[in-house]
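Given below, in the form of C-alpha cells, are the structures.
There are two complexes below, and they share subunit A, which is joined by subunit B in the first and by subunit C in the second.
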Partner chain A sequence: MKPIRSDWEKELRHFPLNPKGVPAKLKKSVEERIAMGVRPKRNGARTWTTAAALMIAAAALFAWREPLLGLFHRQADTELFDTKTERSVKVQWMDGFSFMSRYGQAFIIRYPNMDVETISSPPYDPQQNMTAAYEAMIERDKPDVVYLPANVFKNLAAEGKLLSLEPFIAKDKYDLSAFVPGIVDGIRELGGGTLYGLTPDYMSEALFYNKDLFDRYGVPYPTDRMSWDDLLRLAQRFPASGEDGSRVYGLAPFLASPSGVAESAALAAGLSLLDANGDWAGDTDGWRTIWKNVFDGYRGGWLYEEKSSSGPVSGVNYYKRNPFLTGEAAMSLYHFTMANDLVEAKKRYGLADFRWDLVTEPVNPNKPDMSPTATLNTIFAIPVRSANAKDAWEMIKHVHSEEMAAKLAVQYPGAQGTRKRIPKALEGYRTDAFYMLKPDPELSVRAYSVARNHLNAQLNSIVDDELKAAIDGVKSFDAAVESIRQRGRQAVEQAKAEERSALGKEAAALR
Partner chain B sequence: MKTGHAYRIAAALLAIPLLLSGCSQRPAAEPEKETIRILFSNEQSFQLVYGDYFAVKFPHLEVEIVPTDGEFTPDKNYLDEYERLIRERKPDLVIAYDASLYKRWADNGLLADLEPFARKAKFDLNAFFPAAIEQLKMNNEGKLFGLAPEFTSSALYYNKTLFDRYGVPYPTNRMTWEEVFELAQRFPIDPDPEKRIYGIHKKYWTPFDFVEEIASTEGASYASADGKRMTIDADVWRRAFNRVVAGFRSGNLYYYYKDGQPIRYGPEETKAMDLFSTGRAAMMISTTEQMFRMKQWGTGGFDWDVVTVPVDPANPEYTRYFNVAPIYAIPANAEHAAAAWKVVEYFNSEEAARISLKTSETLSTRTAFTTTKDGHSLEPFYMLKRKEESYPTLPAAFYEPFQELVIREIDEAVRGLQSADEAVRAIQTEGQSLLDEAWTKSPPPPD
Partner chain C sequence: MGLEYLSTLSDSTDKNIILRDLMERYGNDVWNYAFFLTSRFDQADDIFQDVFIKVYCSMFSFRGESSVKTWLLAITRNVAKDHRKSAWARRVLLKATIRRSETASSTEKEVLSRMANGDIWKAVMDLPEKLREALLLYAHHQLTVPEIASLLNISQGTVKSRLHRARAKVPILLKEQLLD
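Entry: the complex of A and B
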C-alpha cells in the first residue's frame, strides 16, 4: 500500500493547476484510490456514492486549492522521512567524535530509528587543491551530508556536484526567515542563485564600547554603521597619556597592529592591495589616507597595539590579555565570543566590572548594509549522488533547528549562530549589532584563497615594518609610504614570477 | 438548499485528505513552559550528559541545576550537605551515580515511591530485569524509590583461539576462583615476558588487588566487623595469597609494577595494559568497556567469548560487580513531581534504551535489550545479582601505611624472600599495630 500511496502523491504534486476544470488525471487517480480502498468489500453502490462525493469535492478542490495543497505538503513532510526503518546517515565533519557530541547524538534522540556514521574532513593542506580533495573524499566515502569550506562549496556547486535544497524547502515549507537576514542570500549567491547548503554559525565583528569610559571623558557613544573615519575620530578623543596599566586606549582593533587596522579600514572602504588580476594596487590616495590615519592613531597613542606575550593564557590570564576586558580600551572591534568573555570574566574573576554595550562594526558608507568582516566559514550540503538525500535533508534540518540553536547557545555561548539565539546572560545588550549587517559571500571565498593569503601576509609585514619605522620616528611618513609602494610592488611581482615558474614546471612534468 | 450543498462539499473536503493519507500526523499542542530543578554535580557536566536529550525531548522544560560540587570540601561532610540541599533547595529530580547515595536518601525518607507514578502512567516495571528492580528496592522500606535504565557489571572474557591452541577447556559460567586459576595455569609460560601469554588478567590489578578480589568474592574481610582487629591470618586469605604469589612468581600473572612503582596511567599505557586485545591474556575480567576497546584497537582476528565472573561457591548467584546507575529519583518534597516523572519515564523508556544502544556501551536494565552486541551474547553480564556488602569502617589514617605494608610483604613473597604464609602473618601482626595506632589518632564515632 505504502509505495502506491507515495507514488500517487508525487503524481499529484506534478499536476498542472488548472482552475477551469478538474484534470482528467486527478479524476482517474481519485477513482483508482477509491477502488483500492474498498476492494475487499466489492460493494458497488458504496463505491459509487463515495466516488460521487469525491468528484464534487475534487471540483471544490480547485477553488480552494491553496489550503488543500497545504494539507498535501504537510502530509508529504511526515511521510517522506521514514521514522520507522532502522538505518544510518553518513556525515563528513571536522572529526567524527565532535560531530556526535554537537549534533549526531541529538539526531538519534530525535529519530531513534536512525544511526549516524561519521567521517573526518580532508586535512587542510595549503599545497593541495582542496576542492579536488573534497571531491575525492565524496567519491570514495560517499557521505550523505558534507561540511564544506566556502570556496570548496562554491566550486562544487558550480560543477553540479551538490544537490539543490530548494525542492526540499518548498515541500516542507521550511522557514528560511528564521535565519539571520543575508545568510541564506549569501549562500544562495555562492551557489549561483540556487541554495545548495545552510550553515548553523558564522563570524562577524561588532564594536564593543565601555560606557563608563565614554561618560568619564564626555565622549558621545558610538553609533551603528559609522565609517572608519568616524570611528578613528571618536577614538582620538580619549586621552592617550599615562603609563601602561593605568592609561586608556580609544580603540583596540581586532587585529591590533598597523597593518591589521589598515586592512580592516581598507575592507570597509572596498580597497585592496591587489587588484582583480592580482597586480599591486597600493598606489592610490585611498590607501595613503588609511595609512595616514593608522600612523596618526599609533603616533597619537589612541590605537592599541597587541603586545607579543609569552605568558600563560589560561584562567584569568586569558581575560587579562584583552585590553577591553581589563577596562583599558574604550572601544574594541571583536567577534561574538567577547560578549561571552565579558560575562564570564566578570562572573569568575570580577574583571570587566563596567557598563558596556554594542553597535555595529564600521561600514563602507556606500554599502551601509554590508558587513566588511562577516564570513560564512563552512557550509552543510548534500552531494548530488547521496543515496539517502531525504535522510541527509532531515539531518540538515536538525542541525539548523531551533532546539540545536538553543543547546548551542548554552554549550558554546561564544559562537554566533545563524539562527539568532542569544545566550541568557546577554539579554539586555544590543547583540543585534552582530546581526544587522549582511555577510559578503565573496569575502568568505577569498578567506580560503591560499596563494592570496600567503602574499597578503608578506604585504602586511611590509606595511608593519614601514609604518612602525615612521611611528617610531626613524623615517618620515612620506618616506614610509614610498617604501611600502616600492617593496609591495616588488613582492607582488616576485610572487607572480614564482607562480609562473611553478606552472611551467608542472607543464614540463606533464610533458 | 445552498447550505446543504455547501455542507456536503465541506464534509467531502474533510474526507479527502483522510482518505488519501490514512492518518496524517499533526504536531501536538506545545506543552507549557515549566521549570524543574535537578540535583547534579554542576551545570556544565549536566549539559554534557543531558543537553541533547533536554534540547530535543523537553524543549519546554527550563532546567535549573542545584549543584552539588560546592559541597565537596574537606571541612564538610558531603553526605549531610547533599541531604540538606534536597531538603532546602527542593530539587524535583535527583540523578544518583552512586548506589549508596540513593540507598541513603531512600532510607532517610527523602525520596518518593515511584510505583504509584508508574501505575498511573501504565509504565511496565516487568519490562525490567528483576535483579535491577531488586537492587533498587534494597532499602529499609523495600520500595521502588528510583528507576535506573542502565547498569554496569563485569564478566570473564576468554580468548577462544588461545584455549583451542593449547587444548584447554573453555571457562564456564559461575566458576570459582580456584577453577579459574586451574585453567590459567594450563597456559605455557614463555621465558620472554614480551611473548608470554598470561593466564588471567585485569588491567591495573596489583598482587594485593588480586588477593583481595579472591577473598572478598567469598565474603571475607581483613578486619573484624567492629574494625578493631585484623582478621587476615585466616584460611581464605592464606589460600588467596598462595594462589596469587605462585601466579606472579611463575609469570602466569602480569606484574605491572616496575622498580616498585606502578606504570603510569597514560593513554599509551592504558593500551599496553590491555593484554587481552593484543592476544596476550587468555582470560580477562572487565566491564563492557573491553568490547569497546577491542573495536577501537582491533584484536588481530582471534575468537573470544564471555562467561560470568567467578563466584562464591556458597552464593553462586551473586556478584559484587552488579550495579545499577545512574538512578533517577524524585524527592518526596518535589514541587514539580509530575514534570519530573515525565523525565524519569523517558530516560527509562524503551525509546531511550534504543538510543543508548547506539550511542554508548552501557547495558540496559530492560530485558528486551539483553541479547547480543556485535555477535556476542551479553547474557553473562546479566546472570548474576547484586550482592549487598557491608565492610567495617576503618580509620582514614590506616589505609596509606597499610597499603605500603601490603605491597612490601607481597613483593617479598613474589621475589621468593619469604613464603606467602609468612607474608600473611607479617601483614596480620604489623597491620594490627597500624590499626591500633590509627584508632588512637581518630577515635570511632559514637554509635
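Entry: the complex of A and C
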C-alpha cells in the first residue's frame, strides 16, 4: 500500500482539469452572448473599468516596464508620419481581438492620435476559393492592412491587387537587413520580383542533439547541412536495445511515424508522392530507398515512434512526452519551440539536464542553402486601393519592429521571429542554425493546397499501414512496397475521379 | 497576455478587450471555483459565462478594495448561489432526476480520478462543502485568511477552524480511498 502523501495541500495549487486554461469555446460563448444583445449600462461600466484599470495598471506597469518604456522613447524615424491628426487604420487579421492585444494596443500607445479598427479573416473553407474570399473581403470591408496566406498573397500580387512596399522602403531607408536572410527574398519571389509584404514570424526546423549521449557512445557530433543519409547513418550508431525508459533512440523525427520520416526525407530529396499533374509518383527508386531507410530505422529501433499516449498533459508531463527533453533521444528535428522547452524544462523540473546544441536541419545536397521545411505562413500587405496607405505602412513597420519582436518573444517564447534576434536564455547556443537556410517560397504556397493535403493524408496512412506491417514482420518489405504502390495509385485515381464528378456537378449547376 | 495597455486607458477603452484579458487571466480561477462549489462541469460552464456577462454589464462594480481575483470569486459565489436556487426550482417543478449537488457525480468523479493527483482532488471533493470551500480558497486560489473571511462573510477564526478541520479530514479520506 502506498503511503499517504503529506504534501497533498501543495498539490491543490494546480487543478489539472483545464491545463491550457478555460476552453476557448467557452470564452467565445460569453462574447457571443454579449454580442447577441446583453447591452451594457454605460455609466456603471466606467466605474469598474477605470477602477480595474488603475488597480491592474500598477501591477502590470511594474512587470511590463521594460517593454513599455521601449515603446515610448522612439521618435526618430516617424517625421514623415502624421502623429497629430486623429484618424484610424483598418486591419484584417485572424481575429480582431487578438490583433489588438498582440499589436494594436501597442500601436495606439505609440501613436495616441491613431485608432485601430479590426476585421477578422474570411473563415477557412476548403470548399471555397480562398483567393476569391479574400478579394471579396477587401472589396467589402476596405481594410488598409491585410494578412494573407502565402498562396492568396501570391495570387493577389499577380493580379495587381497589392501595393508595392518598395517606394516606402526607399523613402524611409527601412532596413531590410534586420530580417533573417531569405525571408525578404522569399516574399519578393512570391510577388514576382516585387516586395508586396512582410511577415513577422515563420517556421523552420533544426537538428537538436544531446552532446552527453554523443560523447557517451563516441559518435561524432552532427554538422550543418547534412543529407538525410548522413543523418540516418549517425542515428544508427546509437544502441537501440533496452526497455523504454532506459533505452536510447538515435533520432526523434519531427513527425515521428514511418510516413512522417519518409515525408521529411522526401522533401529534402525533392521527391513527392504526386507529380505536378497530381498523378501518382511513388514508383521511383528514390522512394523505395527512402522507405527502406525508414523500415531499417524502425526495425533496428533507432528511430523514435510517437506513442499514442493518454493521461495528463500539463506541467512536467508536457515535457516528459518529448523523448529529446527526457534525454532518451540523441537527436531531434524540431521547431524553434524546442529550444525554449529545453530551457524551461530544466528550469522548472530539472529535466533536460544535459549539454545540447543544434545544427541546421538536413538539406537536399543539390540545394544546400535551401531549407526543405521552412515556410512563410501568413504575410502582411497593403491592398492597392487602401485609402490610408501611409498609415498602413506605419502599422506594418510597427508589427515588424524590434520592440514588438522583443515584446512577443516574452509573450510567445516558442515562436520563431523573422528578425535576427537571440533570446537571452539561448545565448551561447547555435540558434543561427534556424536562420541559415532560406525558406522555399513554393513550399509555402503548396502548404495551402487543400485538395492535395487531403490526398496526402490518405497516402501517408497507406504508407504507415504497409511499412508498419513490414516492420512488425507481418509481410516482407518488398510486399509492403508493392502494396503501397498499388493502393497509392488507386487512391490517387479515386481522388481524381471524385474531383471530376464534383466539377461536373458544378458545371451542371451553372447551366 | 499582458495588461500593459491598461496604463493608458481612457474612455475610449474597449470593454471587450478587458473582458478578454480578465477571462484569460482569471478564467481558470472562476471556472474552478464554480466547479468546486457545484461539483458539476455543466454548471461550472454556465456559471463561468454568467459571471463574465455580469462583469461586462457592470452588474457588479469593482471598487478597488479587494484584488481583482477576490472580486471575481465573490461574483462567482453569488452567481453560483443563484444557480443553485434555480436548479433546485427546476428539479422540484419538473421532477427531473435529482443529482446530488453536494458531492461530485459519477461522471465528474471518473474524470477526476484520471487527472494528475486525482486521488487528492477526489478526496477534497468529498469533503463537506464548507470545509472544501475554505480549503480550496486557501490552497488553490491562494487567498489569505482575511480575504476568505470577507468573501465568505464569516470570522477569521471560523476560516481557520474550517481549514484545520479540512486538513485533518483529507488524509482520512485518502486512506479510505486506498482501502476500497
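Quick note on the criterion: the second predicted complex is superposed on the first by the 431 of 511 C-alpha atoms of A that agree within 3 Å, B and C clash if a C-alpha of one lies under 4 Å from a C-alpha of the other, contacts with A are read in each partner's own complex, and residues count from 1 in each chain.
Note that in this section contacts are C-beta pairs under 8 Å (C-beta built on N, C-alpha and C of every residue); 3 or more make two chains touch, one makes a residue touch a chain.
Quick caveat, the model's predicted, so the values are computed rather than measured.
**Student:** Please indicate which partner A:Ala276 is in contact with in the superposed arrangement: first for subunit B, second for subunit C, both, or neither.
**Tutor:** Touch partners of A:Ala276: none, neither subunit B nor subunit C.
**Student:** Any idea whether subunit B or subunit C touches more of subunit A?
**Tutor:** The larger set of subunit A residues in touch belongs to C.
**Student:** Using the superposition on chain A described above, determine whether A:Glu403 touches subunit B (first), subunit C (second), both, or neither.
**Tutor:** first
**Student:** Touch test for A:Ile109: subunit B only (first), subunit C only (second), both, or neither?
**Tutor:** A:Ile109: touches subunit B and subunit C.
**Student:** Of the two partner chains, subunit B (first) and subunit C (second), which one does A:Met100 touch, if any: first, second, both, or neither?
**Tutor:** In the superposed model, A:Met100 contacts both subunit B and subunit C.
**Student:** Which partner does A:Gln411 contact after superposing on A: first (subunit B), second (subunit C), both, neither?
**Tutor:** Touch status of A:Gln411: both partners.
**Student:** Of the partners subunit B and subunit C, which touch A:Asn317 in the superposed model: first, second, both, neither?
**Tutor:** second
**Student:** Indicate the residue numbers of subunit A shared between its subunit B interface and its subunit C interface, in ascending order.
**Tutor:** 5, 9, 33-34, 53-54, 56-57, 60-61, 64, 68, 100-101, 105-106, 108-109, 112, 115, 411
**Student:** Report the residues of subunit A in contact with subunit B in the complex, numbered from low to high.
**Tutor:** Spelled out, the residues of subunit A in touch with subunit B are 5, 9, 33-34, 37, 53-54, 56-58, 60-61, 64, 68, 71-72, 74-75, 78-79, 100-101, 105-106, 108-110, 112, 115, 402-404, 406-407, 410-411.
**Student:** Inside the complex, what are the residues of subunit C that reach subunit A?
**Tutor:** The touching residues are 1-9, 11-24, 27-28, 30-32, 35, 45, 48-49, 52-53, 55-64, 67-68, 111-112, 114-117, 120-121, 123-124, 135-136, 139-140, 142, 167, 170-171, 174-175, 178.
**Student:** For subunit B, which residues are in contact with subunit A within the complex?
**Tutor:** Within the complex, subunit B touches subunit A at residues 8-9, 11-13, 15-17, 19-22, 24-25, 47-48, 51-53, 55-57, 59, 351, 354-355, 358-359.
**Student:** In the complex of these two chains, what residues of subunit A are touching subunit C?
**Tutor:** Listed in rising order, the residues are 1-2, 4-5, 8-13, 15-18, 21-22, 26-27, 29-31, 33-34, 38-41, 44-57, 60-61, 63-64, 67-68, 97, 100-101, 105-106, 108-109, 112, 115, 311-312, 314-315, 317, 411.
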